[in-house]
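What follows are several structures.
Paired with chain B in one complex and with chain C in the other, chain A is shared by the two complexes that follow.
Up next is the complex of A and B:
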């Protein structure tokens, strides 16, 4: 029954699964944008049958011999049907070609290990080589602790790749979904030329509880939520999921370096 | 076997369903919002369950509470009435997932007919005449130019997911196409979250003719003739009659056959309506859309055929075969319906909710009133403003009109403004009496 009637993770209202799907997985009661898997995102954003995945077979290894890491990886692979917490590729949105990376929150909370960092970097390099813009849909718990310092290295690597993309005059659009935290926020998520967020998404570096305990103060209302961040100049816009494809299409039409190819 | 029905609607249609259920020996459960706790339907049903606060989004559209209520009272089936969740395929699926019978067609039919552009495409494939226009969605301005090359002007641009006039633009000449196309797409995106539009030739001054259909789950489909619903204001029907006074025998037969063909092509299995635009001049008719639910104006079809559409819906949902064939359905007399709304016709039809202090319902031969109000009842401001449907039947149109005039004179509602004076004017109007009126009637003669 819970698969047929999943609950909103914010207000706990049950929704019939196809109702939820038709509403782009936005709770009709409280408006919360629920977490989305990669294949749903692709269907929602890309022109039909245009998404071509790249670097599909890069898989993580357990360099630190971290307890139960391989088990977690196996479990996530089985549950999500993908090899790592990000899927990258090339597609068209509203007829405009672009590269697209989508993070999978169901895969160890889309934490960034060596493979996630590598795939994002390769996506940005692919964009640069092929004169394409880059879009990354982000939802991540941050750096992957199972890979220690190797995962922290990915912050610098991905940031450098964004710089090289920008040097060629190509844009990066980042879309921050709930939650975007830790090392991902502190690297490519906040390096977009246009930073978009879904409404009411948690976006931050350290979590609110950690901050509260560290500074010994209570935090303002709405702290680390999209609307708060927009008000404080950290974001460019908040776009509801229903409008996301149209908004990305408009951005691509403005910044596209290739002629319109007319397929929708 | 259906023995307990939950009614997921309100007002007169809830009362209508309860009446049918009582005659069939079926127990009824009425759901209601807090604003409707004193409604007639709540008083008449065997049981009533509150499903939320007054706004429809938190009650009659909040399907989670409706489904919970259905499970709690152990209902076998849900009748959605019209409006609210009646044409929501997800709701029909959710009912099925919970092993509740949804009294209406299969969800995939609702889904296919709900997308207007797709429905048109499907009808065209089945040989049903459709207004010349785009094959489904018009993707780009270039595409729009290609379409109008074929159809000629004027054209109308419509939102695929739309209704109620939003995302609609009439274009008279080529120079205006680009602007209208862009506006319609943006408006459609804003209103429905879906910018897709389609284009068709604009049929100026048509009649709105619709055919009542009944299909069962054994492959039988019949029609109950047509209704003429051309008296409209801002796409809202005000007066309906059956049969249409401006359709001849041959056209009637053709319409009925086409409607049955269309319903068969989607394996239609409930009560439904196929709407057509009818060009009086050329006698051509074109498929407009299919409504996969009971209609407000269903009584006029019941009056001329003697078939109870609500009972038929319930029997079909129960898996029973239609117990009549097309040849057994005989048209008898003429019937007219006036929608009595709590609106002030002298003040641009402004809604007039409030308490009904006095109520005198007309009666006598050939008069039927379907209503959800009683003296002392307060009409809540949250929902549509319909107070009652006044239906008359006569051996011919003349008698039906005379009875309507008489019944309107007898109808007294005090405490609120109603559209009764408007209907009295319509019944007197030469254009209405001639039967040759079109959807422009209210604009032209009642402004």
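Up next is the complex of A and C:
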């Protein structure tokens, strides 16, 4: 792909990179929200120079001695410049302090192995210890096959950590970007106190191809897209990328005050 | 009797085949042999009664328990009715409803896992398969009563874990528990589902592997050449292990029980830091 004229992954239109950047990487022709790397996300969401990364150096191990896994890890590290498929930290959004996790779709499709599970869990524990909310920007193909059962167990680990955060009266907000599927959807993605999706993102448990193979017919138009999920009661709202920072700011603001102490 | 030595790949595939054996005892078989006064309870109170997930209450010796499990069929007709043990969201919601009922009355929960996976279909997606599983993981991590899980056949990914966030997890000796089916893995890795033997080995998903990884608490040996040969003996062995675990767990104060459960899953994962 040309660096100067990247193409929309949906409609194939070429855009001058400067224009695309100023449009938050939303295609001006078809409106598709292109996949974003972590550093662009940070720039778009956080107050200037407030993002402080935590747990940067946790790295994956080829625990099963799985075919070609080390090569894929090395390649992803090189291409993305980060150690794993999620970056976590603390920042401010519209002046409100929060923890923030951002998944990197360029890193083995941001699949969840031990490291992604551990970093998300540590983010949630950090939030709990420091009385901060948690925001996770999600984009993931699901559990990471290459780490077998250890990947599956990250679903239980992260979900339990969300429970402990909530039990202390602290919120999790999840933002589902294209694509959000499999074991990540079936754990922390769907456990947000408020669940936001970017427009037209693929969101589901099973992948569309698996479903087509199972039921032996092609899927209806718009199936498993954000608008479909909103219609079926699975999301709170669809927010365009342009509005995302403002919406998160409002959510943080409303959740920053507890008018009635009650019982947590 | 000495068995011929096999390569590891075919050994893993043999376990997969036994785990899926059509004559293997099902959840309702185990219930029949293990419990007295069993009453099956139905429905998720939201949409329907998922026949791929069964549950109810009864006595395990002198202890009232709630039992929940995937239910496969013994022939094609019954498997169609049971959807081959692949639950829809309502199955997971029914399981959670029964767990919460157990929690209210301080009754231990026993779950039996035997599923190829949660069902991948139109209705399942429309009704929130991912949400149903996620919510079960969330709620089970804090359920204020002991939970014991036995993997009795196929532990298929999120569909298995959705009823397996437990204080003790055991596997029968010829079972698997995996993030993806060997066939699914093979078609992704080599674009060839017939290489499931190699995939089964690569995934390291047999009871022995998971015990070595310390993901599970123990293996329950199957009689003869597999559980399908002698349902009653298998049930007896499971009952002995489960009863022992339940008797231990009901002595824990609830805070300690929940903290230990959190720590059990918290420490799963391998990485460098």
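Rule of thumb we're sticking to: the second predicted complex is superposed on the first by the 252 of 264 C-alpha atoms of A that agree within 3 Å, B and C clash if a C-alpha of one lies under 4 Å from a C-alpha of the other, contacts with A are read in each partner's own complex, and residues count from 1 in each chain.
Note that in this section contacts are C-beta pairs under 8 Å (C-beta built on N, C-alpha and C of every residue); 3 or more make two chains touch, one makes a residue touch a chain.
Since the structure is predicted, the reported quantities are computational estimates derived from the model, not experimental observations.
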Q.
For the overlaid complexes, name the partner, chain B or chain C, with more touching residues on chain A.
A. C
Q. With the two structures laid over each other on chain A, which partner does A:246 touch: chain B (first), chain C (second), both, or neither?
A. first
Q) Taking the superposition as given, does A:63 touch the first partner, chain B, the second, chain C, both, or neither? A) second
Q) Thinking of the overlay built on chain A, is A:187 touched by chain B (first), by chain C (second), by both, or by neither? A) second
(Q) Let me test your reading of the model: by the given contact rule, A:14 touches which partner, first (chain B), second (chain C), both or neither? (A) first
Q.
Per the contact definition in the header, classify A:225: touching chain B only (first), chain C only (second), both, or neither.
A. neither
Q: Figure out whether A:41 sits in contact with chain B (first) or chain C (second), or with both, or with neither.
A: neither
Q) Which partner does A:157 contact after superposing on A: first (chain B), second (chain C), both, neither? A) second
Q: Considering only the touch criterion stated at the top, classify A:128 as touching first (chain B), second (chain C), both, or neither.
A: neither
Q: Mind listing the chain C positions that touch chain A in their complex?
A: 118-122, 124-131, 133-135, 137-139, 141-142, 157-158, 161-162, 165, 177-180, 184-185, 188-189, 202-205, 209-210, 213, 215, 261-262, 265-266, 268-273
**Q.** List of chain A residues in touch with chain C within their complex
**A.** 55, 57-61, 63-64, 66-68, 114-115, 117-118, 121, 143-145, 147-157, 159-164, 167, 182-183, 185-191, 204-207, 210-211, 214-215, 219-220, 223-224, 232-234
Q.
Please output the residues of chain B touching chain A within their complex, sorted ascending.
A. 57, 62-64, 67, 89-91, 93-94, 97, 139-140, 189, 193, 195
(Q) So in the complex, the part of chain A that touches chain B is made up of which residues? (A) 4, 13-16, 18-19, 22, 28-29, 242-243, 246, 262, 264
